[in-house]
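Take a look at these structures.
Okay, so chain A shows up in both of these, paired with chain B first and chain C after.
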Partner chain A sequence: MQRKLISFLGRRRNWTIPYVLFLVFFVLVPMSLIVFYAFTNAEGSFTFANIQKFWIHPEAMNTFLYSVVVALITTLLCILIGYPAAYILSKMESRNAKLLVILFILPMWINFLIRTLATVALFDFFKIPLGEGALIFGMVYNFLPFMIYPIYNILQKTDQNLIEAAQDLGANPRQVFLKTVFPLSIPGITSGVIMVFMPVISTFAIAELLTINNIKLFGTTLQENIYNGTWNYGAALSLVMLLLIGITALLNGEGSSRAAEEGNLI
Partner chain B sequence: MVRISDIITINHLSHTFGDKTVLQDINLSIGKGEFVTILGPSGCGKTTLMRLIAGFLKASEGKISIAGQDMTTTPPHLRPVNTVFQKYALFPHLNVFQNIAFGLNLKKLPKEEIQKKVKQVLKIVIMTDYEERDVDSLSGGQQQRVAIARAIINEPEVLLLDEPLAALDHKMRKDMQMEIKAMHKKLNITFVYITHDQEEALTLSDRIVVMSQGVIQQIGTPTEIYNEPKNSFVADFIGESNILNGVMIHDELVEFAGHRFDCVDKGFALNEPVEVVIRPEDIYIFEMSDAAHFSGQVTSSIFKGVHYEMMVTTPEGFEFMIQDYRSFEPGHTVGLRVKPFDIQVMKKERHCNTFKGTIIDKTHVRFLGTNFECSDTKNLANGTTVNVKVEFRNVNLQDNQEDGMLSGVVSFILYKGNHYHLTILTENNEHVFVDSNDVWDDADCVGISISPKNIQIEIL
Partner chain C sequence: MIKRILSTSYLGILLIMLYAPILIIIIFSFTEAKVLGNWTGFSLKLYSSIFQGGIHHSLTSALWNTLIIGLIAAAASTVLGTMAAIGIYNLTPKSQKAIQMVNTIPILNPDIITAISLFLLFVSLGISQGYTTVILAHITFCTPYVVLSVLPRLRRMNPNLYEAALDLGATPFLAVRRILLPELKPGMISGFILAFTLSIDDFVVTLFTIGNEGLETLSTYIYADARRGGLTPELRPLSAIIFISVLVLLLVINQRAAKKKL
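Moving on, here comes the complex of A and B:
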């Protein structure tokens, strides 16, 4: 019996079993359930009604579009704020830069709900009304580190030889940046976009807290449906969101795979 | 080589990184259209010199003029110089065409003209029809060609090549050498070629600049450098050589390895100690006969393709490397002969270690940052500045750094037939020269000690 156990553990292939089980029960089965629920009605018979409802129902559609716009604005702001930050960090002496990077990332160690509650308290303290502006602020505040880090990472690894080669071929500092540094850092931006854009669409807690439930994002709609027991419709909405995420990932396909190769995804 | 005008003039150029001097008082002028190679072992400062010419570094001291203009502080993008980088440095986000057109695009040339020029240079580097290829998909040799094309398309006054062939295999390197030489002829621009490969330097260059430890050791044509090395470093670095200590009895007569030889060198003092260089292919080896100047016993014979490389030990205890197309078996006694013309006599750079020192007390003197016990301080007052002399033979080296009075690293080894002449770099960046019969390796960490009776004090 003991010998059997030892020989079982001795085969390296068997070590994968726990992970396979994990993938099956926590990824494959739930995903199949989402698809199953999305295409069935409450009685369990096959139907397209849930998907149709999403297309027809203006409220869900509007929330969806609104979420995409919020996600786009957030991502854009993160790039606009994050890129210069990452660039400055990459130019700094590495010891100082590392410290600053840690400072940028430090908030991520605190649960984002607590951080968002603190933001609400801060807005209250300064008597700034909560709402759309607060929502965007909260989003950018929460997701900025996810943009800075991959861009910093790739900028810091930029081959100094390439910059010198560009200078050598006649590029002035501005041209060096536009023709080499920036294009070479695009995989880092892609990485950052993937880590900001998609999570923002499905976030609901930030929206709830920072707009006192006045603004609904797609994540909120999803949560409400599941919460209210309309599982089939909720599953259909989830499926739509998954598709969107899938499409973004595919569009970024080449870039993201290159970014992943270079280890920029945290 | 007739020089119409100098394209690069370097005056008293020095460069330091922190407190480390990497280039010291470099003076060099390079003629228009010349092919100059800067040759030296790694760490000799040749790459720093190249980076100063390209403008990637700002010189600590001195002046660089390119094409008649002072460019000491000009940023790289404004210099009429293009570089072929050691690791090619091709832009991975651009294809072959875009890489090559990079410089012309910056100059905003019309599209058709760029296209025409790219086609032309691709033809020169024999890469026609590769325009659309991704640079990552090219082999090392092809990447090298693209790198060269990218540089020469800008028609620079000077093309800098930083060890461009270092990453290629032997056969490929040979082919590329010939191509680079042909390109130089065709383009008629100045090539400054950086390498540590002496064979490459001899093959390619109009002139060679040999560097070591941040200093130019010799400038000359390949034949000058090979046949008339200025010092033992150059002789040792370029090709194989037998380097021995000798004494110039009088003009045209030199004594080394226990024999006197006729030579062609003049202008030395009577009985002046010198260094003698004989190339291994310049020693005639034959069955023992009356024609022999001296004799020896073969200790090893290795086939090297074109010739055999034999080590021969003379009865006086000197070892010679000899190359000949005939092989003599180890153990065989052979006759040896050297023609006067093939003996190259060099002035000795130094006869003995000389350090600046200070008297500490009756029995101690301080030099090399260490207090040494000394038998005879000549009753000088404490704090007197003196010259300290130590013969090469009298410096002892220990395996354990802790056993020595101070420690150092072996930085250069020269075999002199019956002993090694070592250059030791001490902790505080000073050189100590040592004659030793023991075998040490480059970069060995050693302890240095000197016995009290061997420290000679010289009053300034």
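Moving on, here comes the complex of A and C:
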């Protein structure tokens, strides 16, 4: 018996078993529960009412669409501001670049609620009114490091021979960038988009703090429903988000798991 | 030359913007004013009152809870994730792919989805929420990152080393301890640090799994504070201390890594 156990543990592939069980219980089952709750009513019988409510209910739908727009603008701004920064970092001497990259990531070590409250204080200090502008600024400020890091990572690994080959073949600096460097860095941008777009839609608390409770994003709608006990409707709204994630992940294909790996910030 | 000045100043401006709010926190940690942004003269009172305890008992206990949950969750995910990585590496490519796909779900999911799904799990099973559920939830979103930081080290390793140890008469356990673990250590350490960071910084998943027995972590404490309309003044020096210690730590690590290379 004991020998059997030892030889069972000795086979290294069996070492996955605890984690597989854990994943089933804490990832797959909970995800199925979202689907289950989304299609049942409070009594537990099957219904489409929750999904229908989302389509008909203008408030939830509007918040959702508004959040998507805010997330798109934030993502775009993060790319526009972050790409040049990542590019400059990748061209620097590696020791200095590493130090600067650390400096870019470091603010994330301060609790994001405190950072957001400090941003509010900053706006007050310069007499900038809180509202939509402040919201976008706060979002870009919070998520910019997540865009810079993966792009920098990819740019820095770009094969220099390809760039030299492009130059040897007569490309001017602009062409080298547009035809060689930029296309090669697209996976980095994809990783960044994954790490910015969805989280912005689902943030809650940040939006309220930056707009004095005037604007709420989809994350807040989700949270309110769970807190008010309307779990089934909350689950249906979560399902909408899950579908959006599924679509993004499918569009990226292999990219998403790579994004996850590149998302590793240390 | 001009290009260089331009690019350096671009990075400079970005960094100044990123650090402006943090600077504000640090500056205003040296004054007693209740509201962030009011300057009522230089004072170290807030710093001394964090260490006195007693008065701000709830803040201190929130800080302890955050650290304890972070350490337990990080340690557990490091063990679970490392074992999983070793196992995954020895599976057939097809099962490897399947497990890795499930492994990326918690990473790709926005935290609120993870939070709601776990909340539904705990309420459906009638488990009362508290310390244990928070830790389990944190292990759920931390372990995937540990797996992802250990797996690359396994892939880079010479697979024959382990077999050689077995051929030379080592038991599988000895071989794992003497051959595998030393090679995996850097991946495990960075996985642990990442897990700890994610755990102490988490807010949404904690809020949904913490229950209502009065348990608080730093982030739920700050959230409750912010909703009441203000920030406990002691949070300013606390954030300043955390920030400066992390800054120093990272700079030291960076210096050491640079020296090693030379």
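The rule is short, and it goes like this: the second predicted complex is superposed on the first by the 237 of 266 C-alpha atoms of A that agree within 3 Å, B and C clash if a C-alpha of one lies under 4 Å from a C-alpha of the other, contacts with A are read in each partner's own complex, and residues count from 1 in each chain.
We adopt the following convention: contacts are C-beta pairs under 8 Å (C-beta built on N, C-alpha and C of every residue); 3 or more make two chains touch, one makes a residue touch a chain.
Remember, predicted model here, so these are calculated numbers, not experimental data.
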Legend entry - Overlay on chain A: chain C relative to chain B, clash or fit: fit
Inset, instruction - Considering only the touch criterion stated at the top, classify A:179 as touching first (chain B), second (chain C), both, or neither. - result: first
Inset, instruction - Scan A:111 for contacts with chain B and chain C and give back first, second, both or neither. - result: second
Inset, instruction - Determine, under the contact definition given at the top, whether A:222 touches first (chain B), second (chain C), both, or neither. - result: second
Inset, instruction - Quick one: classify A:127 as touching chain B (first), chain C (second), both or neither. - result: neither
Legend entry - Residues of chain A touched, compared between chain B and chain C (which is higher): C
Inset, instruction - May I ask you to decide whether A:3 touches chain B, chain C, both, or neither, giving the answer as first, second, both or neither? - result: neither
Legend entry - Nearest-approach distance, in Å, of chain C Cα atoms to those of chain B in the combined model: 18
Inset, instruction - Show which residues of chain A both chain B and chain C reach, each in its own complex. - result: none
Legend entry - For the chain C and chain A complex, residues of the former touching the latter: 7-8, 10-11, 14-15, 17-22, 24-25, 28, 36-37, 80-81, 83-84, 86-91, 99-113, 116-121, 123-124, 136-137, 139-140, 143-145, 147-149, 152, 171-173, 176, 190, 193-194, 197, 201, 203-204, 208, 218-219, 222-223, 226, 231, 235, 239, 242-243, 246-247, 250-251, 254, 258
Legend entry - chain B-touching residues of chain A, taken from the complex the two chains share: 159, 161-162, 164-172, 175, 179-180, 183-184, 186
Inset, instruction - Using the touch definition up top, name the residues of chain A that touch chain C in the complex. - result: 9-20, 22-23, 26-31, 33-34, 37, 81, 84-85, 88-89, 91, 95, 98-100, 102-104, 106-115, 117-119, 121-122, 124-125, 141, 144-145, 194, 198-199, 201-202, 204-205, 209, 219, 222-223, 226, 231, 234-235, 238, 241-242, 245, 249, 256-257, 259-261, 263-266
Legend entry - Complex interface listing, chain B residues touching chain A: 54-56, 75-77, 81-83, 85, 87, 89-93, 102-103, 106-107, 150-151, 154
